[in-house]
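In the two complexes that follow, subunit A is the common piece, with subunit B as its partner first and subunit C second.
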Partner chain A sequence: MTQLVQALVLGLLIGGVYALMASGLTLIFGVMNIINVAHGALLILVAFITWKIWSLTGVDPILLAVVMTPLMFGFGWLLYKGVLSRISGSSPGMSVLLTFGIAITIEGVLNVTAGNKFRSATPSYFSESYRVLGISLPKAQVYGCLAAVLVLGLLYVVLARTWTGRAIRATAQNSSGAALVGIQASAVAALAFAIGTATTGVGGSILSVLYPFFPASHYDWISRLLGIIVLGGMGSLAGALIGALILGLAETLTATYGSLQWSTLIFYAVILVVLLFRPQGLFGSRLRQDVMA
Partner chain B sequence: MLTISGVFAGYGGGDVLQGLDLEVPTGAITCIVGPNGAGKSTVLRVVSGLLKPRLGTIDLDGVRLDQLGCAGVLAKGVAQVPQSQALFPQMTIRENVLLGGYTLRRDKSLLNKRYDHVSELIPIVAERSNDKAGNLSGGQRRMVEIARCLMVDPSVLLLDEPSLGLDPKSLTGVSQLVRDANAAGTTVLLVEQNVRLGLSMATHGVVLEGGRVRLEAPAGELMANPEVAELYLGGHAGESRTARVGGTSLPADAGTGR
Partner chain C sequence: MTVVDSLRRLTAGRTARLAVLAVFVVLGLYPVFAPYAAYEQGVLLLAFLMALMAVSWNIISGFAGYVSLGHSVFLGLGAYTGGLLAEKFEVNPLWFMPVGGLLAFVAAALVGMVVLRARGHAFVIITIALLLSMQVLVNNFSSITHGSNGVNVLLPFWSSDYQNIPFYYLFLGLLLLTVGFAAWVRRTKFGTGLLAIREDEDKAAAIGVNTTRYKVLAYAASAFPIGVAGVVYAYFLSFLNPIGAFSLLTSVTIVLSALAGGRGTLWGPVLGAFVVSVVTEVANVYGGGSQSRLLVLGLALVLVVLFLPMGILPALSARLARRRAARQAVEYTDQAGVATARTPIVVSPRSAPAAERSAAPLLEIRGAKKSFGGLRAVDGVDLTVEAGSITALIGPNGSGKTTLFNLVTGAMPLGDGEIWFDGTRIDRLPPWERAHLGLGRTFQITRLFKSMTVLENVVAPLPSASWGLMVKDAVSGREAERARELLDFVGLGRFGDQQAGALSYGQQKLVELAQVLMLEPKMILLDEPAGGINPTLVNRMVEIIRDLNRQGIAFLVVEHNIPLVLDLCDPVAVLSRGQVIAQGPPSIVRADPAVLEAYLGPEWLPAKPVPDVVLDQPSLSVKGG
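Right, the complex of A and B next:
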């Protein structure tokens, strides 16, 4: 019983972090139909920078998110204005090609500058745990998950309660309709891309502590994150959250009761079964007008 | 006065509008009719800023609109209800209508005042305020689209095929709304495939063909024009469908079984 609860709790902690990482990806897809394959590479880029600063100064890596997030917001803005805006209106396939190029570029730069080695930030609490009712909660996991939940909550409030958020959602749902009420699509797109990229500032800082990484780790991450948003429904934030929790739980439960090697396979098996019955993903929606159109 | 002069515009495969000159009188309901592909919807799209004209100018009471883009045109008081799918399907009716006032977002009290006014005018806004727009029927969506436009209290309302896909009852509702908006001082420019309906709502009629104005006259006159009747009304001038039934001396309630 304790074993089960332990696995569930760990799964949720991991899932929370996955949710944060996937949220930026699904937001960018939802607003701009851009499948940002470079999302994983951006996470790894942040992880490297965080690791470097931590190893030089000893500043807490997860706390460094406070610096990395605005930095990545700015980087995302520049990336959109300079590169991605050139393919606005093209098919999502074009965005895959372009962002894949960005991903390879980041990977190459990291290989040259940071070296092709496994890294991991190990702050003092790295191997410590809280113990609650006989269940062990690794401190790093707890801090990572708390940071993730905080950022997700903030993201939710911005999207649901502010005019900026409404403009972003409106553009995601109907871009010409949004133009007609006076929303400037290009500004909203740049903003959404910047916000989506900013989430890698937090996600990458957490990643640097929780998972050992090297430049090519981004392939592993992007496939996992794409899996999450396909399962949840492309473009849906709630879907990304649920998809991420399912991945977290699938991993820890399989690792506890089966073997670690099976854990990723089980997740993809879940995706396969869900898509058989709900091709639009768990939270991809079908409304009256979709059926009629 | 909304003035379109010498406008050429298209979608990349040649110009749909071929040097269009058109004057839309202030305070009137002007209806553009014409065959498929004549460029009717394109006229509305260049006015609202969705499409930039390649050549020519558009101005409203002396203010150039053609380089402003959608947001700029809206700020000048010109709002468009497009042909279909203008709403945000995953949002509630309330959110949809409020987004119509996106340009007024800094003035919360004005926004609320307009919302209250619009939901009083168009009851479905209040009745279904928490339903998702994507779950409405075509006629209901059209009402909400108009409601959304009215949030900016437009001086010019552009309507693309308001009758498209509507049942007779919704149609009556929509055309009443248009008349009400006009009575309240809004200039209306509408495009209608259903020529009889369009011209009966309008004060002015324009026949568009090949991206140019072919005929322009008061709506009643256009309806009585033999050529228009022949081409678009499927019959002779001045005849409505019921009149024709009368003309063949069938009782008016023929077919009801009585």
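Right, the complex of A and C next:
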């Protein structure tokens, strides 16, 4: 029983972090109809930078999110202006190829500069836990989840309460309609991409503490995040949240009761099954468009 | 297809063909003259393998336009099949080449059946997921695959004096076979169908192309040669492990090769594979070893997508074509088309519709409903079209006419109700099966495959689902003759070899009609046949419709040109707010107060003078709907 509760609690803690990471990916898809395959690589990039700064200065890695987030916002904006905006309007295949190219480039840069080795930031609380009612809550997990929830809340407020947020949501729902009422689509797309990328600033900082990583880890991460947003429904923020919690739980439960090596397969299985039986996911618009629906 | 066309123009040239031949003769003789150049041979044989994979990839991702990002999964499948079977039966793995190919074919077909009913992003996601999950699966099922310990494959049976020369010829031979296979696919109706899917999938379905079957087959066909080559690859490597066999890097190199060379072309992927192989090899040797390989590939992919999306070969031939075009300017005008004499033609070789023999109507729509969110676009339509009639469907903009067309042809699923065509209930059939039953349509805005030639457009439709038809040559024999006849019939015979996109709008409407006639239809739905074309062509269109109708083809016409409708059609049905509000002979319908109200609003009271005056106003023939 304790084992089950322990697994559930850990699953939810991880799910919160997943939710943050997936929210950026789903936001970008919703607004621009692009699957940013480089999202995972950006997370790993941030994790490496965070790890480097931490190992040089000893500043808390999760706290470094405060620096990394604006940095990634800027990087995302530049990436959109310099690269992605050039292919707006081309086929989904080409946009995936482009972001895939970016992902591999980042992996290649990390290979050359940081080396093909597993790394992990280990601040003082790394191996400590809180004990609540017989359940142990690893401090790193708790701090990571808190940071993620905080940023998710912030993102929600921006999208729901500000004019900018409304413009982003309007463009996601109907871009030509939004253009008609005076929203400049390219500016909104740049902003959405920058915000989506900024979430990797927080996500990557948390990742550097919670998981060991190396340059090619980004394939694992993008598969996880794709599984989450396919399950939740592409483009839906609420879907990303629910999908992240479900898959976070599923992963921890498989790891607890099954084996660790099968838990990664869950995400692929989810992608296949969802696309087969419920292509729109839990909340989203249809990812799969059938000739005969 | 500009890409394919321009390529054909390039390779059709004797010089180009000779150049290709010369390259392969040199490659074939190379080991004879340089038998000890083991390093160079090794680089080349891997380039052959890469070219083979790029050519195969091109069938699904170049011809049909569905990008696969995990295509090396089939190399891994083939390799593991060969390696494990050879170990089990203790024989030379090369015996299992067909098994490797077949397994790849079946795996792709199964996956394809799941995801290729779909469009958009689903396919590309699945292809990556497939590759990555195979790594995990092969790792985890270690009782069969030896997991991360890998598989040892026995060493080649030939004397080590021959080094890798037998592999060199094996891969070269397989490459040539694969190119031949791809060329054959491109030439058949199957190939034309794939191009049609890439250009406009809905339209392809409307002219009888079973898009699901085509896409699944294309994916499976693109997996087969790679599966075969995978077995040879296992023998060549003599050791397999999950990460190496199901390599993402290989997948990326395949995509990069085909893209850089020119996807959709025949030789582009080959050229691209050679360029990419040589460049990465050079980068390996002089640029910091395999560490930087990933970086180079990633950057190259980004740069190619951004700056050379068409690829080297098409970019070259486009430049050639431009230079040629500058020398001989061609002028296209409607007048040129009109001036050509129309030849009479017999168009209904199919048996007469069953409806004609019985008393039942040819098309019967019962209580059809379709909503978009809260909007009821079609709200309980009952409509019949008798065999042999020209029925008009008119109504104000937004009254649901085009939606109704989409429901009848299957471009959209019906919400509620039934649709019967010639004794068959069709509302659950996919669009292509409706086309095979003899139901054709034209579109309000023409939807020709703009970069195919006019003749290729007209031969593209498939009047039946027969498998034999798929492997026939696309433009040949009886059908090509028939297509030319039909083009003559609509008066555009001399435009057969032009690109469809170069024709005027009105001419495109006529070509679209000829295209539909290839289906040997019993009934044609015309969506604004006279919209946006000049008066001379309108007259011709009317003439053609009458001509076809005399031969037994029924029509359902949506048109805003009211005088034309009243002149041509009988009966006339009026649609307003998703419902049929009047149906009958033109003279009665045009005096119906409900019709006048629908068009002119409730405050318009029928003053005594003839309503003609109002209905005949040209202002009513504004395009839309």
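As a convention for this text, the second predicted complex is superposed on the first by the 272 of 293 C-alpha atoms of A that agree within 3 Å, B and C clash if a C-alpha of one lies under 4 Å from a C-alpha of the other, contacts with A are read in each partner's own complex, and residues count from 1 in each chain.
Here is the rule we go by: a residue touches a chain if its C-beta (ideal position, glycine included) is under 8 Å from a C-beta of that chain, and two chains touch if they have at least 3 such contacts.
These numbers were taken from a predicted model, which means no experiment stands behind them.
Asker: Which partner does A:Val181 reach: the first (subunit B), the second (subunit C), both, or neither?
Answerer: After superposition on chain A, A:Val181 lies in contact with subunit B alone.
Asker: I'd like to know which partner A:Gly134 touches here: subunit B for first, subunit C for second, both or neither.
Answerer: In the superposition, A:Gly134 touches no partner, neither subunit B nor subunit C.
Asker: Which partner, subunit B or subunit C, is in contact with more residues of subunit A?
Answerer: C
Asker: So, does A:Leu272 touch the first partner subunit B, the second partner subunit C, both, or neither?
Answerer: The second partner, subunit C, only.
Asker: Considering only the touch criterion stated at the top, classify A:Ala167 as touching first (subunit B), second (subunit C), both, or neither.
Answerer: First partner only, subunit B.
Asker: Mind working out whether A:Ser223 is in touch with subunit B, subunit C, both or neither, as first, second, both or neither?
Answerer: In the superposition, A:Ser223 contacts subunit C only.
Asker: Please report the subunit A residues shared by its interface with subunit B and its interface with subunit C.
Answerer: The answer is residues 287-290, 293 of subunit A.
Asker: Quick one: which bits of subunit C touch subunit A in the complex? Just the residue numbers, please.
Answerer: Residue list for subunit C touching subunit A: 61, 65-67, 69, 114-115, 117-122, 124-126, 128-129, 132-133, 136-137, 139-140, 201-202, 205, 211-212, 248, 252, 255, 259, 288, 291-302, 305-306, 309, 410, 413, 428, 430-431.
Asker: In the complex of these two chains, what residues of subunit A are touching subunit B?
Answerer: Interface residues on the subunit A side: 163, 166-167, 169-170, 173-174, 176-184, 285, 287-290, 293.
Asker: Please name which positions on subunit A make contact with subunit C in the complex.
Answerer: Checking each residue of subunit A against subunit C gives 35, 37, 83, 86-87, 90-94, 96-98, 100-109, 111-112, 116, 219, 223, 226, 230, 234, 261-262, 264-265, 268-269, 271-272, 275-276, 279, 287-293.
Asker: In the complex, go through subunit B and note every residue touching subunit A.
Answerer: Checking each residue of subunit B against subunit A gives 48-50, 69-71, 74-75, 79-80, 82, 85-91, 95, 98-100, 102-103, 105, 132, 134-137, 141, 148.
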